[in-house]
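In what comes next, subunit A is part of two complexes: it sits with subunit B in the first one and with subunit C in the second one.
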Partner chain A sequence: MASATLSTPAKARPRAAAWAWALPPVGLLALVFLYPLALVVQQSVRPDTGGTSVQPYADVFASEAFREALWTTVWLAAASTAGCLVLGFVLALIIAFVPFPGARAVSRFIDVFLSFPSFLITLALLFIYGSTGMAGGLWTDATGAGEGPFQFLTTPWGVLLAEITYFTPFVMRPLLAAFSQLDTAQLEAASSLGARAPRIIRRIILPESLPALAAGGSLVLVLCLNEFGIVLFTGAKGVTTLPMLVYGKAILESDYPGACVVAVVNVLISVGLYGLYRVVSRRAGA
Partner chain B sequence: MLVHSRKARWAVWGVFLILFLPLFALPLLVVVGASFATHWSGVLPSGMTTANYQAATRGEALQALTTSLVTAVTASLLALAVGTWAALAAAGLRKRSRKVLDALFVLPVAVPSVVVGLAILVAFSRPPVLLNGTRWIVIAAHTVLVTAFAYQSVSAAITRLDPAYEQAAASLGARPATVLRRVKLPLLLPSLTAAVGLCFALSMGELSATMMLYPPDWTPLPVLIHAATDRGALFTGSAIAVVLMAATLLVLLAVSRIRTRASYR
Partner chain C sequence: MGIRFDAVTVAYDGNVVLDALDLTVAPGEVMALLGPSGSGKTTALRAVAGFVRPASGRVFLGDRDVTDLPPHRRGIGMVVQSYALFPHLRVEDNVAFGLKARKVPKAEIRTRVAEALEMTGMAAYARRHPRELSGGQQQRVAIARALAIRPDVLLLDEPLSALDAQLRSGMLAELARLHRELPEVSILYVTHDQVEALTLADRIAVMDKARLQACGTPRELYRAPADAFTASFVGNANLLPVTVGSAGVSFADAEIAVDTAGAVPGARATLCVRPHLVGIGAGPNRLTGTVAEVQWRGATHRLYVDVAGHRVMADVRELREPPAHGDPVTVHFAPEDAVLLTAGVGGHG
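Presenting the complex of A and B:
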């Protein structure tokens, strides 16, 4: 509101009206999101035996399954993020600075890729690296061995590969946007002064793209912490992440207080990181 | 142009293809290939057939497709209405209050979808609002999840809007409702359609929250794909997945046509 009304009553009325307009959507959000979330927190301190206690927290924190899931979730998310950053940087660099016929089609393909659900990647990996799949077939044809060496799908490495594949485009998009705003005169000046490609990348492009990398990376970190479809589709009993634990406790074991405790922990980690992402991306102007 | 010699450029493009094709193009091709196959025990699928599609377009699968479409359309339209309203209301607030609203409406992105599902399941399985076992609990969860994206893209568009148009309309005596209907919303139309397309695609592929709370008679496509692959019917699952991708792409294409027609106005 850029109106230059100076007297306080005239100023106060539109502000109250503006708040009144904001109330209906906020009320709806409170009803279907904030109130349910509050109930989850409430249920997490209400064990099945009745009363209010922190016993569910003590039980969950003491359990081996929870600690393992927490560790798996964190290292998988961190490793996926690192992989996405490296791969996304290399691919975006080539699309932007070594353009080839069809580079535009590739960036459109990435947009389409983002509109598909994540579990499709795991489904595809089952055919590529599954016990009898494309890679296994290639191996058998080449060596004559009965079984291929690709048995990693049901291990955390399969999840890692799927997460890097699915989330790399989330890093590439902000990077491509940042690269399109980079002044090419800088690159040409450096190049005419004798700098070679690796030096130009290290001294000019990388510093310029740090904000976009930080923003994309922290978004991917949060999305990986929350990823469920990829892990569910691998069907691996050995890979349990926090969202899988929430699902398992609530739906398979009907242990709602336990599920709520894990949910609260997961929310705290993710929301904390997401807050960091918002701060970083605002500073980056992304 | 970063690489000048012809040879080096071809080498870089080679690296790109080696990284890009197996990681991004191959998975989609593989799912499409598998949807036409009955076996996959070599390099290429074998036993070409269209029987998977016959299974994927009738009975249970057809019902799941309708379920997904109804859920996604309802959720994305609701999300668009609520998100646009909230974004417009936030634009009228002072900077501080606007930040509070921003944080509130993007919170569902940060909260894991599984937890959103759990929360809605816990909240609506008890009075006063009993939705558990109905289709509305699925639609409510999807709406919560996609509203954040609708809000984000509409509010980004509002900040890019040139205030001169609405000020001119207001100075010519247009009431706020008229300004909104005749000036702001038409200017925002391209972003609104983009937002609704994004919400639709996200809702079509939503699995995490849905797994927590879908009732047996309201099974969306992703849940059916999971059920198929879980019992080992990978090829039928792929055919259903292709149906899901095709339906999503067709609707996105239709929505983007609205956008181009609007931007010529």
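Presenting the complex of A and C:
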């Protein structure tokens, strides 16, 4: 009892102090981040005709452009994620299990790669496959044709290629961590029991790295849904994703309520997927 | 099917970890590779399994040279200290893994899995995951998994080291029973624990510093060790630096009667006496000294006696009135209980 009465004021004081310390940063965060976000939501229910209504939502949801952008966004993100998972798994397998000189250096480079801006990759691809790029130039020089065969960069396939190129390391990082945790004695036991490499990969390595795959995959899915730089830099005019639609409506059409509606939809999808990512990654950590 | 090492040398980056090992394990024999860590015993086992490539020499299973064969084609059962069970698979699927890899028909897989689990007493746990089992149970599953493929050769790499002492002696008896049930399986058993080696092995290969030091039955190695290292690693041993005389040896200023056959008079040698063969009081081969330490071990007392600067251990039946630290004491041992070691001379006081 004595100790309990003694400890109460001692505990209360740090808590009050903690609140005092926490308040300024939380307030600042709310002001610079949550307030603008709230404004976006508010703007989305304020049509240009005045008043408050859900008319902008109805208009946007009814428009062909929005539905097409939503579809493009979702399938591009899904396809990119699938591509990243396959490519990332194969590359991580090679780096982790095939002893070759420089494996460590490659692994380090992946860390650096994660810090690159996304448009840089697109720019690099443009230099190679763009309409005036190196590959096209070689082709036109060699054949004398008017234009090269590499016109895919301005199509959804170009965006897909760029996104897979850029986001694959985001899958590889958690996978390499998971592989390094794998007990090599298990792999040896499996091969000693008569299993060749493909069976060991399928039955031991893949199932044991599923949590890491899920974590990396959901992260890439969220990032792809919101990707703006890659889509913009490929110059694919036919490819409109949700972030591009927000940009188009706000900057080009000055349709602020419409842009805000699309933005809110985009935020909701991202937050929903982020929640999923947290659940998955928590299970991966367990 | 037997195992044969023919001058097997393994080196990592020029560092020799196994030096020209020549060793033959007869079909159905249990051979223990006994040695401290870094002695090369695990490397020898991994060379049989196919996980390390000898720099030179050949490994044979029966008449088959398997040196260049990948592990999955050797047909060897292997059990390691960490169990290495597949955590995402149920016990029955762990045991079935090797059979599926060998494309055994489904119906037969079921009966062989049941058989292997029955043999190791794990039939009731078939549907569990490894994380739901205790260490001893996991090790049984690992053994069942290795036996399910019906190997001719079983490699056990410190299989009991992760278990506590009580479980360990139970599992030792279990392994002995399994070997009685599978008398044709050759077992190579790597351990640093002399009790495991003495209990289980038909023969023991003592290894130290990448080399085979001695090989023989447990009784031979215990009764007549060839060198000081073997004497101290297989059982406890008093190792006294002595000088060979005409009819015995001299230690400090005492004359000790012992069989000196094969020793050169005047040469330095090591006298090995097991502590439980040393008695207190007067008798042949008397040594006098002072008690340095007394340990009560229940049924026995272990006395550490300082004799001319060397420490002599004596394990005697529990004393009613044990001597105290500093007391003068006389110890003795029978001439036939001492072994003169002329190889590997070292002063292990």
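Here is the rule we go by: the second predicted complex is superposed on the first by the 253 of 286 C-alpha atoms of A that agree within 3 Å, B and C clash if a C-alpha of one lies under 4 Å from a C-alpha of the other, contacts with A are read in each partner's own complex, and residues count from 1 in each chain.
What we mean here is this: a residue touches a chain if its C-beta (ideal position, glycine included) is under 8 Å from a C-beta of that chain, and two chains touch if they have at least 3 such contacts.
Predicted, not measured: the structure shown is a model, and the values here were computed from it.
Undergrad: Have a look at where A:F33 lands relative to subunit B and subunit C in the superposition and call it first, second, both or neither.
TA: first
Undergrad: Between subunit B (first) and subunit C (second), which does A:L182 come into contact with in this model arrangement: first, second, both, or neither?
TA: neither
Undergrad: Tell me which partner touches more residues of subunit A in the superposed arrangement, subunit B or subunit C.
TA: Higher number of touched subunit A residues: B.
Undergrad: Given the touch rule stated above, what does A:A190 touch, subunit B (first), subunit C (second), both, or neither?
TA: Second partner only, subunit C.
Undergrad: Given the touch rule stated above, what does A:V45 touch, subunit B (first), subunit C (second), both, or neither?
TA: Neither subunit B nor subunit C is touched by A:V45.
Undergrad: So in the superposed three-chain picture, is A:V112 touching just subunit B, just subunit C, both, or none of them (first/second/both/neither)?
TA: first
Undergrad: Per the contact definition in the header, classify A:A124: touching subunit B only (first), subunit C only (second), both, or neither.
TA: In the superposed model, A:A124 contacts subunit B only, not subunit C.
Undergrad: Based on the superposed arrangement, let me know which partner A:A82 touches: subunit B (first), subunit C (second), both, or neither?
TA: Touch partners of A:A82: none, neither subunit B nor subunit C.
Undergrad: A:R203 contacts which: subunit B (first), subunit C (second), both, neither?
TA: second
Undergrad: Where on subunit A do subunit B and subunit C both make contact?
TA: Shared contact residues on subunit A (touching subunit B in one complex, subunit C in the other): 191.
Undergrad: Looking at the complex, which residues from subunit A come into contact with subunit B?
TA: Residues 1-2, 14-15, 18-19, 21-22, 24-26, 28-29, 32-37, 39-40, 43, 87, 90-91, 93-95, 97-100, 106, 109-110, 112-113, 115-121, 123-128, 130, 132-134, 137-138, 140-141, 164-165, 168-169, 187, 191, 197, 200-201, 222, 225-226, 228-229, 232-233, 235, 242-243, 246-247, 250-251, 256, 259-260, 263, 266-267, 270-271, 273-275, 278 of subunit A touch subunit B in their complex.
Undergrad: Which residues of subunit A touch subunit C once you look at their complex with the stated criterion?
TA: Result: residues 183, 185-186, 188-196, 199, 203-204, 207-208 of subunit A touch subunit C.
Undergrad: Residues of subunit C touching subunit A in their complex?
TA: By the definition above, subunit C touches subunit A via 49-51, 70-78, 80, 82, 84-88, 97-98, 101-102, 142, 145-146, 149.
Undergrad: Residue numbers of subunit B touching subunit A in their complex, please.
TA: Within the complex, subunit B touches subunit A at residues 1-4, 8-9, 12-13, 15-16, 19-20, 23-28, 30-31, 33-34, 40-45, 82-83, 85-86, 88-90, 92-94, 97, 101, 103-116, 118-124, 140, 143-144, 147, 163, 198, 201-202, 204-208, 211-212, 222, 225-226, 229-230, 234, 237-238, 241, 244-245, 248-249, 252.
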